[in-house]
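You will see subunit A twice below: alongside subunit B first, and alongside subunit C after that.
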Partner chain A sequence: MSLRKSIPDFRLLENSMNTTTCDAGHRSELNDRTAPPSMRSRPTYSSLSPDTAGAEHLLVIEADALQPGQASALSKSFTSVAEALRTVVSGSELPLPGANVQPDLAATLLAVKARLSGATMQQRVYAIGSEPFIWSIHTAAIDAGLDEKQIRLCHSGSLKRRVWCTHCHETTENVTTNIVACTGCGRRLLVRDHFSRRLGAFMGVQIDAEVPGDVPAIEEVFP
Partner chain B sequence: MITGDQLQLRVAAIRDISPTLRLVRFENAGDGPLPPSATGAHLQVVLQGAQKEIRNAYSLISKPGSRDAYEIIVRRVPESRGGSAYIHEQLKTGDLLTTSWPGNLFAPQRSARKHIMVAGGIGITPFLSYVADFAGKGIDYELHLCCREEEKDSFAPWLPEPDKVFVHWDADGHRLDIPALLLRQPANSHLYVCGPDFLTNDVLEAAETGGWPDNHVHCERFGNALSGGEAFRAVLQRSGKEIEVGEHESLLEAIEREGVEVPCLCRGGACGVCLTSVLDGEPEHRDHYLGKAERAGGKHIMPCVSRAKSGLLVLDL
Partner chain C sequence: MTILFKPDETYRGDYTYRNSDAAILRFPFPFPEDSYMYSVNIEPHVRGGFTPVYNNPIDVDEHYIAECRDRAITLERDPGRYAALPHMMTAQWDSIELLMECLSSDYPELFSLHKDGDRWTWINRPLGIEQSFTFGKEDTLPCEPFEYITRQIQGDFAILDQRNGSLYLDAGMVTAQADWSLQFDVGMDFMEWHGPVPLAHQAGVFERALKYLLMLRQGQPMRRLNWTMTVNPRLDTSPETYPEWGPDRTTLTLDNIGRKLHLRVELQTLWRLPRSNAILFPLRGYLASLDELVRVPKWGRRLHRVLSTLPRELAEYKGLVRFLPTALEYLSTYDDGAPTTSGCAAEISSL
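Then we have the complex of A and B:
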């Protein structure tokens, strides 16, 4: 009987591979990498400013992620493109006249998709908020055909992460701890800095694969 | 016969499609099918000019992937270095020619939602293979041809979807408004331009000011007009040769004339294959390959198009 036939479930295959791994240094290596000095996939951000080469501008704001005064500062920095600027605010009202206010991320994404249907090469998209928020906007913009160069992101507010499970491929939202139980498969995942732009998520890898149940202290590290 | 990096082809047919446009069809001089060519590919053809051997790159207009024949269209240019004159005056059916394998520096971007092609005159040739590829597949494209009015129908036989082709010429109501064209294109469009430098530069500039990300803009330039200039001398250090580069030949041609081999592909300053180290002297960069810092550094040159500012170049060849 072939190996493939004897293992009908990919999850089982993953599991058996993990539990039979004989790499003693594996665990400590993963632990050492929770905060590597240079994880190349880890995005870096700078403050938002309009790209004046564009002709249509869409600014998407996660209201709760802003510091006091940040909304008016944003408004000021986008003055030069004000006539071609549309603003969508997610969560709650901000002192931004003319902004399209949406109650949550799902409604915000619908508004963004509607705004970007029929987008041209002159369209520009800006998003500010937590990383799960801004990368959701990024995904919507890419789906609408925009190029990376037409999108600017700025991280503000909570450090919470979206975590993608390398075992079951489900995502777990709003993760603030170094280790989290996957909402898909229940495995306890070490939240790495390894980031996927496509998924807008950080990689989560089973923490106790070698020694089941051997899970270090869970701490809030992404408040 | 297909040997090494060269092909031996036989001229199977020659047809004039206008007073200055000649179509040449090549077939394998030996047995078997030709190597497949991709959309946007070109062929480097070795031609016997009046004084010297000339190598010109021509876009393949035959349907991409076809292996029975390669077809090119060559314009007779008054300031010909000899290549187009040879093809128009001397080449005849049955002649054998040496060519490169097909190369491709101008492939379409398959992920594009829409392809916008802008051609200046004979610069339409790479796009004839694009439309041969795209036609009937439901691929969204626009081909804009800028040419002389009398040539507006010359390429019609190669344009299977005429509703996607727009011809422009220099008369009121017929000129191409490049900025307006670039303003109305959907996200994830890709823009391609092939033509004389003034058109290419206009389109690139309009794309930049029109907010197109540069990775959505692609051009293929004519190499011919780029390579001439003041004569200068070049020392090929490793070969121990000193050569004279004439006004009407490129540095690469002069090097080849002396029997020194330089790997090359596009012969138009685009591909970077002929990159050569400069040991002394100041290059006059005309390529589209080296970056600003590399140009300023003066340590490298693309001999297919670039020349010397200093009257003498010492090369690591």
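Then we have the complex of A and C:
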């Protein structure tokens, strides 16, 4: 049967989140500033701790996002599962013996995918870093077949955002300003607080669609 | 009852969409009082009510053919307006069954469904379609079952999967939405996809609505009305195409606003599905221009009063701020200050 045969051809008619010792107090203050309480799609985070119901643990860290001393605190909080813990560090070395160090996010995602292939219900994944980083790890884990309940995320470091363009559906990375030019279509997008976990991104909508050129001052709001 | 279809009217370009007198009188006017605020305004979706729109569970009206055509145009331009996550196939078959049965029993002159075991034949006369398929076998239809049937029914559709004590927006056919993106929102839970709505979260509206919906029972569908305003009778007011329709908001004047500004009412119904335990969520839109609405004196008065007392946050969220003063000036002519009766009914039988 031809695929579109019976679809009317009108052209013919006409045309969860959880618990490291990430700088929780400091961070939540920043989050309060950027996320109005009404925006329920905006994730909230708390510090990372191991889920002892799991038997295999993968901790993925964005090195640049950690405060001095945070890596050793993290290591301490995972001592109870140290025997079954694998650690991947993205960006640069950290004082974590045995960690698998990867140069960037792309290489980190490959390492995470390799580690999670054939993962069981006993697998747990933890990620700490900027939001674009931790949600990239989240996506990789979901793609590998893990359930939300097997993943814990903690936001640390920059408030920079990944922005998804509602018009061309491209994503623009490392956004720190209220308005940004889309890397896909060039439109100037207002960065909203509405967040998609599936895309790991905030929504961007053209700021001057109604009156072209009417663009407010651009400010750094996600340092 | 014979429906006189208007197959050539358009929802884009020259915007020839208009309502007949009968269509104006049956318009589901959404304001029972002279002011408006969010509430959990959910009631049983039973036959009958203040508008003939409620006479059948799935309403077919004079715009049917033109509206299905407009959907096809939008899908041709952006196939991503239809999306279904892989685990939703059972719910898709639940939906096709429910919708085909509703249409064929309530509009036998327009639609027929013949079943021979799992061999089904569907006939859609207005659109000239006859399709035999095997229920439950995807490859016997020209596209996924949910896409197939929702291409043939007015209004947007979503399927909400129920798990973890929440509802997830895991499938949708969305070509006539009031500025929300299926591609962005697909997979979100109930609280997430309602994230951008102002005031209602603080009022606890969504918590109560969710609690209520989780208890929804098969065979007892529910309904509510929602509304916004749209410049031109345009169905595709998605964020995707906002650069196309956004500029229209700056074109309104006292001379043209009666013709160009439309009240857009969404009849939302919710149906528990039998096999998947998901919820089918049709969002059926109705458009009427201010010129058309003020022909019903009660509606002209009331719309003026509702819009003049609308909280600022809601006017901003609904995108009305730029033209609200002009709309109020236009409508003031139709508000003589006379008292209005409670309820939405037009209270007249001819125009």
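Rule of thumb we're sticking to: the second predicted complex is superposed on the first by the 187 of 223 C-alpha atoms of A that agree within 3 Å, B and C clash if a C-alpha of one lies under 4 Å from a C-alpha of the other, contacts with A are read in each partner's own complex, and residues count from 1 in each chain.
Here, a residue touches a chain if its C-beta (ideal position, glycine included) is under 8 Å from a C-beta of that chain, and two chains touch if they have at least 3 such contacts.
This one's a predicted model, so the numbers in the text were calculated from it and none came from an experiment.
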Touched partner set for A:A55, first subunit B, second subunit C, both or neither: first
Dominant contact partner of subunit A by residue count, subunit C or subunit B: C
Touching partner for A:L85 - first (subunit B), second (subunit C), both, neither: neither
First, second, both or neither for A:V191, with subunit B first and subunit C second: neither
Which superposed partner A:L94 touches (first subunit B, second subunit C, both, neither): neither
Partner chain in contact with A:A119 - subunit B first, subunit C second, else both or neither: first
Partner chain(s) touched by A:C182 [first = subunit B, second = subunit C, both, neither]: neither
Complex contact set, residues of subunit A against subunit C: 1-11, 13-15, 37-42, 164, 166-167, 169, 187, 192-199, 203, 205-206, 209-212
Residue ranges of subunit A in contact with subunit B within the complex: 51, 53-55, 116, 118-124, 144-150
Touching residues (chain side subunit B, partner subunit A) in the complex: 113, 182-189, 208-216
Complex contacts: residues of subunit C adjacent to subunit A: 7-8, 68-69, 72-73, 76, 80, 127-131, 140-143, 148, 151-152, 181, 183-188, 191-199, 201-202, 206, 239-243, 246-247, 249-250, 322
